[in-house]
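What follows is subunit A paired twice: with subunit B in the first complex and subunit C in the second.
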Partner chain A sequence: MSTAESEAGVNGQKSFTILYWGPATSYTLKEKETLLAHLPISTARLFEMLEEKYAGIKSKVLESCMVTVNFKYVDVSDSASTELVINKGDEVAIIPPVSSG
Partner chain B sequence: MAKELVQDDRYVALTHDLLDVKSIMDRVRSPKAGAIVLFAGTTRDNFGGKPVKELQYTSYEPLALQTMMGISQSIQEKHSLTAIAMIHRLGTVPIGEESILIAVSSPHRQAAWRAGEEALEECKAKVEVWKKEEFGGDEGGVWRANRDGAAGVRIDQSNHEEPAQGPHGPILRPKVLGERGHGPVVHPGNIKKD
Partner chain C sequence: MESANSIAATLRLQITATEKRLASLKQQLADIEEKSAENVSVSPEVPVTQKTKWPLSAEEYKRYGRQMIVPNAGLKGQLRLKSASVLIIGAGGLGCPSSAYLAGAGVGTIGIVDGDTVEISNLHRQILHNTSTVGLKKVDSVISYLKNLNPNATYIPYDIHLTPQNAEEIVSNYDLVLDCTDHPTSRYLISDACVLLSKPLVSASALRTDGQLIVLNSPPLPVGNPEGGPCYRCVFPKPPPAASVVSCGDGGIIGPVVGVMGVLQALEAIKLIVSGKLKGDGEPVASSMLLFSANGNPQFRSLRMRARSPKCAACSENAELTLKNLPEMDYAFFCGLTAPVNILEAEERIEAKEYEKLSKGTKQHLLLDVRDKVQFDICNLEGSINVPFSTFQGGRPLSQEGEQPSWLPESFAPDSPIYVVCRLGNDSQVVTRKLKESGLGTREIKDIRGGLKSWKEQVDDSWPEY
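Then we have the complex of A and B:
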C-alpha cells in the first residue's frame, strides 16, 4: 500500500484495532480484529458498528462493558458517548467486568 | 517469564508460572518493617456447588500492570507502607493452586493487615484479568465477573435448557449478596478503626 493510499485509507475509511476480552470473546469468537471507519468516530458509533456486525452484542455485552482507547478509559455514558475519541491506528479494547483474583 | 513493573518499593507482575510465596515476600522484606502480611488467593474446586475442573485466566497485560501499579501506589501512600508487591497468575491454573499473591510490609502490623485486605479488594474490582471456569465434559466453560450481580457467560452455545438471562448472559445460580471469587467481600471501609 502506498503512502497516499494508507493516508486516504480504503474508500476514505481508515483502520483501527479492536480487542475483545474475556466474556466479550464468546460473542465475537475472536480476540482481535481490524475495523474500517470514517475516523474519527465516537464510542456510540463504535457500538452501532459492532451491533451491525454482531447482532445482539450491544444489550448482551457492550452495555456492561467499559472501553479503553490506547490504554486509557473513555467515558461511555450517554452524555459523553458522542465525543470523537477513536482515531486512525488506535488500539480500542472492550473491557467486560473483571474477574481477577 | 513474568511481565513486571517496578517503581520505588512497589512491584507488580503477571506470570504464566507457578506463584512463589517466598519470592513475593522477599520483594517487601525490609529492616524498616516489623510486619509482612501476605494474601494468597487459591482456586476453588466448585462454584456454588458445581464442580470446577480448572480455571483459565486471561489479561489485557499492559493495562492490568498499569492498574496494579496504580492500586499499589495509592495503598502504599494511604497506609504508609514500607513496600508492596502483587503478582497474578495467568493461563491454566489447576484447582488448589495460587492465582494471586499480595504482600505488604509496614513498620507495624495494623497498617499491613488493613492495606493487604484493601489491596486485594481493589485488585478484584479493577485489574483487567478475566477468569473462565472449566467444568469439564461437554459443558464448556463460564466467564465469571467479580462485580455483584454480574453473572457468568456460558461458552457452550449448544445448551438447550436456557437459564434466565442476566446482563452478561445466563444466570446459573442466584447471586449471594456481596459474593466475589474468594468469598464474601469485606469492605475495608467497614473495618472498625482503633
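Then we have the complex of A and C:
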C-alpha cells in the first residue's frame, strides 16, 4: 500500500496493526498484521473481524485475553466492548494469560 | 597429565567442600534430634544477634554491604528486608531463582509451598535442584540450597499444594506473596487469597520463549476500595478454555526465559519491601504488566494496566468472595476440567502393538504424526509423515475444494488406511475425527491409542521419551 493510499484509505477503510502475543500465535500462525476497517471500531467489532478470519479464535482465545491499544489496557467486558477505541494507525495487542512457570 | 592433575585437584577441593557440608547437615540433624529428645518444640533457627550498639551483626554488614550502599536501599531498606516475610508458592522454574535472590538479599522469613518432587526434566531450568536431589521433595531441595546460601533467614517448608482450604492459614503469616505456580486454578486461588488477606502479589509466568510479570493488589487496600491495585481477576476475568492451557511439559520452556521472569519477581519484591510500600503507604504507582519475548524486538514491553475493575468478582465492592466462603470455592470447576480427550469410538482406535503388526504387512498405509515439527525432528517412526496439529486448527480447510490435501502422497490409493499418532494420544483423536468428517473417502482412519507413549510401552522400549 502506498502512503497516498493509506492516507486516503481503501474504499474508505483505514489501517491499524495488530500483534498476537505468545500463545495467541498458535491460532493465527503470525505475530503481527495490518488490518483494514472503517475506523474507529470497537473491540466487539474487532473480535467479529478476527472470528471471520480465524474461525474459532473468539471462544478459544480472544474471550480470555487481555487487549491493549497503544500499550494501554482496554476493557473488553460486555458493557465496554462497544466503545470505539481503535483508531487509524493504532497498535492493538492480543495478550493471552500465560499460567505456566 | 597436567590436565589430569588439575582435575584431581578440583575433585579434592569438591570433596573437602562436600565433607564440610555433610558435617554441617549432620550437626543440624543432631541438634534437632537432641531437641526433640528433650521434648522441646523446634523453633526456627534465628541467629542470635549480640546486643551491640549496631542494628545488624558484623557478618550482616559484610554480607549485605554491596546492596546496602545502593542509594534507596541503605540500612533502612536492609532492616525492612530482615523483618519482612515472603511466601513463595511454587519451587520450580520461577520459585528457584526468586527464592535464591530473596534469601541472598536478607529477607528474614521465607516460606516455600510445593507438593511436588524433583524430576530430572526439571533441572534445565529449576536451578536450585540438582542431579543428586532428584526424587526429593522440592521444598526440601530448595531449602537445603537456601540454608547453604544464607543461614541467617528462617525458612518454612510447606510440602503440600495450596488449596482453598489451607490458603488462609498459610498466606496470612506473610507480608508478600510470589506466585510461581504453573496453572490457572492456582493463579486465581492465590490472587483471591491475597485480595482477601490484603497481601501484595508478584505474579510471573513463562512458556516457550515468552514471559509475563505483573504486581497485583498493590497497594493492597481493602476489598471495595477502588484505589487498591488490580487483582488477577480484574486483568483476566475469564479463564482460558481448559483445552487451550499449555504447560511447560507440553509446550516447552527455555530455561533462561523462566529464569529471567523469576529474577524479575525477586526484584519487584525487593523494591516493594525496601521502599516500605508493602502496606500501600506512600505514593501509589501506576500498575503495569511487563511482557518478555526472547525473539521479540524489543524483547521487553511495558503495558499500562487498568485500575481495579468495578465489576471484579474478588476485589470490587460487589464481590461476593469472603474468607468464609473461600474454602468452598471450586477453582477446577471455574477453570474447566481437563479430562483426557476421549471423542472416538473403540472401533476408531487401534493399539500401538496392533499397528506395529499391521505396519509389517504389505498393505499400503499412511502414518500421520501430528506433533509439532520440532518434536517430529527429535524422533519419529519410520515411514511416518509429519503434519502438525496446528495445521488442522483455525478453521482452515484441509485442502482446496475437490483436491486432496497436499500432504497425501499422489500414489496413495483411495481405499488405503490412514493412522494418526501424536505424543500422548489426545491431539491425534481430534485430527482423526476431523479427517473422518472431511470426506477423505470411505477408507479406514484410526487413532493410535495412547500415542507414542504407548508405542514405547508396547513395542519399542528404546523409543526416546523426552
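In this section, the second predicted complex is superposed on the first by the 93 of 101 C-alpha atoms of A that agree within 3 Å, B and C clash if a C-alpha of one lies under 4 Å from a C-alpha of the other, contacts with A are read in each partner's own complex, and residues count from 1 in each chain.
As a convention for this text, contacts are C-beta pairs under 8 Å (C-beta built on N, C-alpha and C of every residue); 3 or more make two chains touch, one makes a residue touch a chain.
Worth saying up front: this structure is predicted, and the values here are computed from it rather than measured.
Novice: Check subunit A with both subunit B and subunit C modelled on it and let me know: fit or clash.
Specialist: They clash.
Novice: Let me test your reading of the model: by the given contact rule, A:Ser100 touches which partner, first (subunit B), second (subunit C), both or neither?
Specialist: both
Novice: For the three-chain arrangement built by superposition, which of subunit B and subunit C touches the greater number of subunit A residues?
Specialist: C
Novice: Once chain A of both complexes is superposed, is A:Thr34 in touch with subunit B (first), subunit C (second), both, or neither?
Specialist: Once the two structures are laid over each other on A, A:Thr34 reaches no partner at all.
Novice: Considering only the touch criterion stated at the top, classify A:Gly22 as touching first (subunit B), second (subunit C), both, or neither.
Specialist: Both subunit B and subunit C are touched by A:Gly22.
Novice: Subunit C: which of 145-153, 253-261 or 451-459 bumps into subunit B?
Specialist: 253-261
Novice: On subunit A, what residues does subunit B touch that subunit C touches as well?
Specialist: Of subunit A, residues 21-23, 26, 60-61, 63-64, 68, 71, 93, 95-101 contact subunit B in one complex and subunit C in the other.
Novice: For subunit A, which residues are in contact with subunit B within the complex?
Specialist: 19, 21-23, 26, 60-61, 63-64, 68, 71, 93, 95-101
Novice: What residues on subunit A touch subunit C, complex-wise?
Specialist: The touching residues are 21-23, 26-29, 54-57, 59-61, 63-64, 66, 68, 71-73, 75, 77, 93, 95-101.
Novice: Spell out the part of subunit C that touches subunit A in their complex, as residue ranges.
Specialist: 90, 92-94, 180-184, 187, 204-208, 210-212, 235-241, 243-248, 251, 253, 258, 261-262, 289, 291, 293, 301-306, 309, 311, 390, 393-395
Novice: Please give the residue numbers of subunit B that touch subunit A in the complex, ascending.
Specialist: Going by the criterion above, the answer is residues 41, 57-60, 62-64, 66, 88, 99-100, 120, 123-132, 143-147, 150, 152-155, 167-169, 180-182.
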